[in-house]
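The following pair of complexes shares a single chain, chain A, combined with chain B in the former and chain C in the latter.
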Partner chain A sequence: MHVSPEKVLSKENIYLGDRSGGMLWAALSFVGLALIGVAVIGALAGDVMAKSVALYALHTGALIAMGFSIGAMVFVMLFRAVEAGWSISVRRQFENVMSLWWVGALLIVGVVILQMVLTRTSEGGHDAPYLWKWMNPAYTEGDTIYQAKAAYLSPLFFYIRLVVYFAIWGGLATGLWYYSTQQDLDGDKRHSLHARNLAYVGMVVGAFSLLFASTDLVMSLDYHWFSTMLPVWFFAGCLGSGIALVVLTLIVLRSMGRLHVLFTSEHQHDLSKLVFGFAVCFWAYIAFSQYMLIWYANIPEETAFFDIRKQPGTLWVIISWVLPIAHFILPFIFFLPRPIRRSSAGTAFVCVWLILVHIIDWWWMIRPNIHGSTGMHWIDVVGVAGPVLLFVGLLIRKVASGPLVPLRDPRMYEALEHKNYV
Partner chain B sequence: MAHAEAIPTPPVWGVMAEFPDITSIYKAAHEVRDAGFTKWDVYSPVPIHGMSEAMGLKLSRITFIIGAGATTGVLGAIALQIGISAYEYQTVVGGKPFAAWEPFTPIIFELGVLLSAFGAVFGMLALNKLPMLYHPLHKKERFLRVSDDRFVLAIEADDPNYDASATGAMLKKLGATHVDVVEA
Partner chain C sequence: MTTLHPDEAAAWGLAGKGRRGHDPSNPDGTLINDQSVRPELVLGDRDFHSVTETICGWNEAKTPKWWLGAFGLSTSIAGLGTLMIVYLIITGVGVWGLQNPVAWGWAIVNFVWWVGIGHAGTLISAILCLFKQKWRTSINRFAEAMTIFAVICAGTFPGIHVGRVWMAWMLFPIPNSNWIWPNFRSPLLWDVFAVGTYFTVSLLFWYMGMIPDLASLRDRATIRLIDKMERGVQGTALLFDKIAAYAYGFLSMGWRFSTRHWNNYEKTYLMLAGLATPLVLSVHSVVSFDFAVSIVPGWHTTIFPPYFVAGAIFSGFAMVLTLLIPARALFPGMKDFVTARTVENMCKIITVTGTMVGFAYITEFFIAWYGANPFEQQTFIRRMFGPYWWAYWAMFTCNVVSPQVFWFKWCRTNIPFIFLITIVVNIGMWFERFVIVSTLSSDFMPSAWGYYSPTFVDIGTFIGSLGIFMTLFLLFCRFLPMLAISEVKNVMHQAHEHLHPHDDHHGEGH
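Presenting the complex of A and B:
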């Protein structure tokens, strides 16, 4: 069946409209900001544990917001690099999530500033509320492992690296966004080629920046420990949560009567395969690989990570058992059948589920690094939920602010005729 | 002519209709499907996108064969390793427990994948009735061009809707350039 792009690209099909979600985005963003504010106030007013928890929780939330954008950006670059035709009609939603990279970046900068404020206003010493404990001179005193890594783990070099990461991600996101939206205006084919070339470079630069960024932002929280699998775990979380959020956005838009022909069950089926592949299978594969190698080799400097997370009586050991079941086995079985992947309700449910377990996964990856903490603090809930709600609120505003699909992509017809021939 | 009556007429396998291009056979497949035929097939030198829908083919049952293979592999690998490591040949390796799930998992995965692949390959062969050493259509000289530039739609005589004269006439009406009765 041939469909004419003109009919499909009519205004009521590809615009959300000015009013849609107008109150919702403001409400969600406000609640998100308010929760972040509550976490900060709780940190300023609370004891050392409350200060530490606020830093870790906000850091987790900031990374989850950042991860959505990075994951979406990797998919945009992938589609551009291989010149994918089928995904052109859904690409703008990936670009919307990608373009909000600054939310995560600002939040991470906020966490760095909050650490400065908290450590300067509270008394110092070994237990001062540092997120990056290696920045605490009283903590690293006489620590030979730190001294060996001190050249890399110095605060100034760390801040410079952060700026470099944000420059790389921001540059790539801005470039990819520019080529796509500029093509909306002038319809010039060359924008597609420029975006493709940028994606070639971005894939390599982005991979290296993500490797170093996950080392700095996550692994260095326990700077004695190291794992070459952690960056891959971080990458898997970015990809899985990013595409789950995009698919959820698309399904919501379609349920509001938009994207007719542009996002069919055929597109959804292929996107669901990617969700299944990255958020379920790839995550399980690398998370297990990391665990099994550390378990087998049983070297003290590597096992410390799982030693904390397998201590009886802690919340961490419960999550250690919940994750393989809730993040792998249950979604694997539920999301395997073809009818679920093609149904709006089934796929939307899986996407929400996977985003929630992803949040638990990253919280479990980051939070147990607080010494002497064995469970959840009330600041954990507001500190993680705040950034996530803020991101979702801003995403709704972003989606409503422009066309829902690329307007003049010369290869749009390929996406309109997309089918799974199986 | 007494001796002519002694030769038995060969049983009819079905009817074969030759089409000149993809469009005509695609449209004909729709009509044959809507006429309620069940035992028929389309032969083409190239894959035709959308032909599955045009023929009204259901999803392949191969997924269930693969699923059965995967389940057998996973359960078999668990039973095999627990039986060997925890009961029959208890060996201390690196101070680890005998029945530890960690080293079992790669084997569980591998055996699950292996039996899934066996299910996929052998299930595909069985569902396609392969290897097939004889097919009545191969006796037709015209059918050989199906591997070159012709498209053939064949309806079997076993089909409940098959009618010795009406079916051939219908295919002719649908645009077949040549209709031929095929003996078994």
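Presenting the complex of A and C:
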């Protein structure tokens, strides 16, 4: 297929336009912020349970927002590192999601601040509202397991580590974004080379930052429990949700008459394979391996995690059954046929579905750590939906603010020619 | 179509070399760093005919002297291994160094090592196929063959370790007179299925891919035969061509190069690639379950499945390179297909997977500390500073430190150095499994602690398995098409119609 570059790179094809989505992004962000505000008010004015729930829900929402950016960033680094040609016309959307890393970071900082405020304003004691229970001296008193890891789980060290993670993620995202957008302006091939080298280093540094970040932000919520697979599970969630959000963005853009030739059903097909591979299969592989090994060995210090989530009469046990079906079996069967992967509606549906089950997965990973809580609180919905809507709103603004594709990438011609059957 | 882009000088500038013109350290010209071109995949200005001539020529030429020497050596070593196995069977498993509590010794180490090596072939042929990595076409046949032979070596060890080999069939769930069934909850049984499935699918994949090339060899042998007969040659002078024509004819299963055949071939290829991909992950995950389902400190950790898979690909790529580098030097013209770029890419994969393995070591170590389980912590301290400290540090140095050299371009392009590193990686991956097994020597009961050492039978069997592997491999090199001829042709620029009508400077080997 021969296409004229002028037509493909015309303004109508590769810009969303300032007006499009102008109201939508503002409305979504406003609703998101309002929901976050409601959750914060609930935390400040509610009872002990409401305070705890607000902390956990906002934390879940913040992590999901952060996870979108991390997942998208990993794909950008992957494409850069292997010098992928086919994905160049869709790379900007990954970079857009990646560049919003600060949303998740600010939200996590907000959760830490809310935790500090609640610590000061509410009554102390064993059941005080704590997201990181190991920060509660009344809770860890006489706890030998805590003593053994107190050197790592100390608040000051924890805050320092958070700063380091954000510096790493922010630094990588900013660098990758800079090289890509700078190339739009000057067309210098060297930017591709620099981005590739940054990606090599970023993969290594990013992997270690995720190991410790997932320990701090997820595993330490139940600081007695440990699993070497948890960082990989966290990583799988980031990857799956990140790419699902990007594919959804691309399909919406195409439905608005953009990205002609730049995002064809060929690109969609290959992206869908990655969604299928990471959000469905890789997640299931990791989640199953972790569960199977813990179930099989049946050691109390490890089974505690699944014990809470298998208590009869709780919402957690229902989700424990829903997840393998909704996060693996159903999408696996539905998304396996080629026609679905190439259809806009089918793929968009799967992406929305996968993002929703991902939210449930992470909520289920984090939320049952509140003692004595067996189900959902209205603040859960508000606290999780707020950050997610805020992120989506800001993403719309970001997408509309610049070109939808890299403009002068030296390998763009490969992406334009991309086919699945050669 | 030149090999090098006109921008070559600029590319070298970008790479920080500051050199101009043809670079002596880059003799085959594929190591360009320019982001706007793709390097050629096949060098030497070849046409399709010369590809067939070269690749079939390796099988049709007179047997090289080095081959005879190498084959003699390999079969002798294989014979030594066979003797050891016979001695084991007639005497009993007591001839190995096993002792309570080290009930798993070199046999499981060798098994896991060989199975791990057997992962690269299917990764290259299936996963890299799905990822459309076209540089893989020159190495996939080679790697698949290596996979098959490695899995054969791996399968030997569980087979002989049962002691009474004639009862090995009871591994399979076959009804028998005593109604004894294998334990379906045991990962050792899952191993039988996982490795069996993997072997079957890999074999099918390898064989199916070879059919068109076997047909080429058949046709060439037949033509030679007819040619000789027309020239009046008779008797034993025709013998080898007759055997070749019949053997390749039998193996190529009536392949006639028709469009319909190719259509079926392509479909089957893709389907087998899809089926083999989960198998690459599942086999070593199941092997990791052998250890991880137990409650032995240092064995039970949830990251084992992906960590074992990464390690398997790591060792497999190292072994492919160990074999490929000499082959590339010994078979004339092979460097045109297995270019410096291909070798460089493989080095990069070794670094990636080696770093993943290192990441898993550090995760394990960190969580052992973080988990605050004194037994787990003691195990890791004993691994590092206990009686087997040398094994731990050998493992860590070989697996994590040594592949990091490939961050430097000099290391990735210096062939003898790469060869050295691949050997180091193979050693390191053997030690990785040995470290896991030697943990058993200090279990929960300190009164039972001891020092596990192999006997000469352990060592002889392992070395013998290397001989079996090399023997099979040399046979493959001599008698079967080493490169996938049709796939190589498919990535040459002649195979593609001109994609850019206005284009006179883009590389077309992509």
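The rule we apply is simple: the second predicted complex is superposed on the first by the 420 of 422 C-alpha atoms of A that agree within 3 Å, B and C clash if a C-alpha of one lies under 4 Å from a C-alpha of the other, contacts with A are read in each partner's own complex, and residues count from 1 in each chain.
Rule of thumb we're sticking to: a residue touches a chain if its C-beta (ideal position, glycine included) is under 8 Å from a C-beta of that chain, and two chains touch if they have at least 3 such contacts.
Keep in mind it's a predicted model, so treat the numbers as computed, not measured.
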Does chain B (first) or chain C (second) touch A:338, or do both, or does neither? first
Contacts for A:22 in the overlay, against chain B (first) and chain C (second): which applies, first, second, both or neither? neither
Of the two partner chains, chain B (first) and chain C (second), which one does A:403 touch, if any: first, second, both, or neither? neither
Return first, second, both or neither, reflecting whether A:229 touches chain B, chain C, both chains, or no partner chain. second
Partner chain in contact with A:189 - chain B first, chain C second, else both or neither: second
Taking the superposition as given, does A:296 touch the first partner, chain B, the second, chain C, both, or neither? both
Contacts for A:110 in the overlay, against chain B (first) and chain C (second): which applies, first, second, both or neither? neither
Look at the residues of chain A and decide whether chain B or chain C touches more of them. C
Contacts on chain A seen with chain B and repeated with chain C across the two complexes: 292, 296, 298, 422
Parts of chain A lying in touch with chain C, wherever the complex brings them together: 2, 83, 85-86, 145, 148-149, 152, 189-190, 192-193, 196, 200, 203-204, 207-208, 211, 215, 226-232, 273, 281, 285-286, 289-290, 292-294, 296-299, 301-302, 410-411, 413-414, 417, 422
Residue ranges of chain B in contact with chain A within the complex: 49-50, 52, 59, 63, 94-96, 102-103, 105-106
Sites on chain A touched by chain B in the complex: 288, 291-292, 295-296, 298, 338, 419, 421-422
Which residues, counting only chain C, touch chain A once they are in their complex? 14-15, 33-36, 38, 130, 132, 278, 281, 285, 289, 292-295, 300-306, 352, 355, 359-360, 362-364, 366-367, 369-373, 407, 496, 499-501, 503, 506, 510
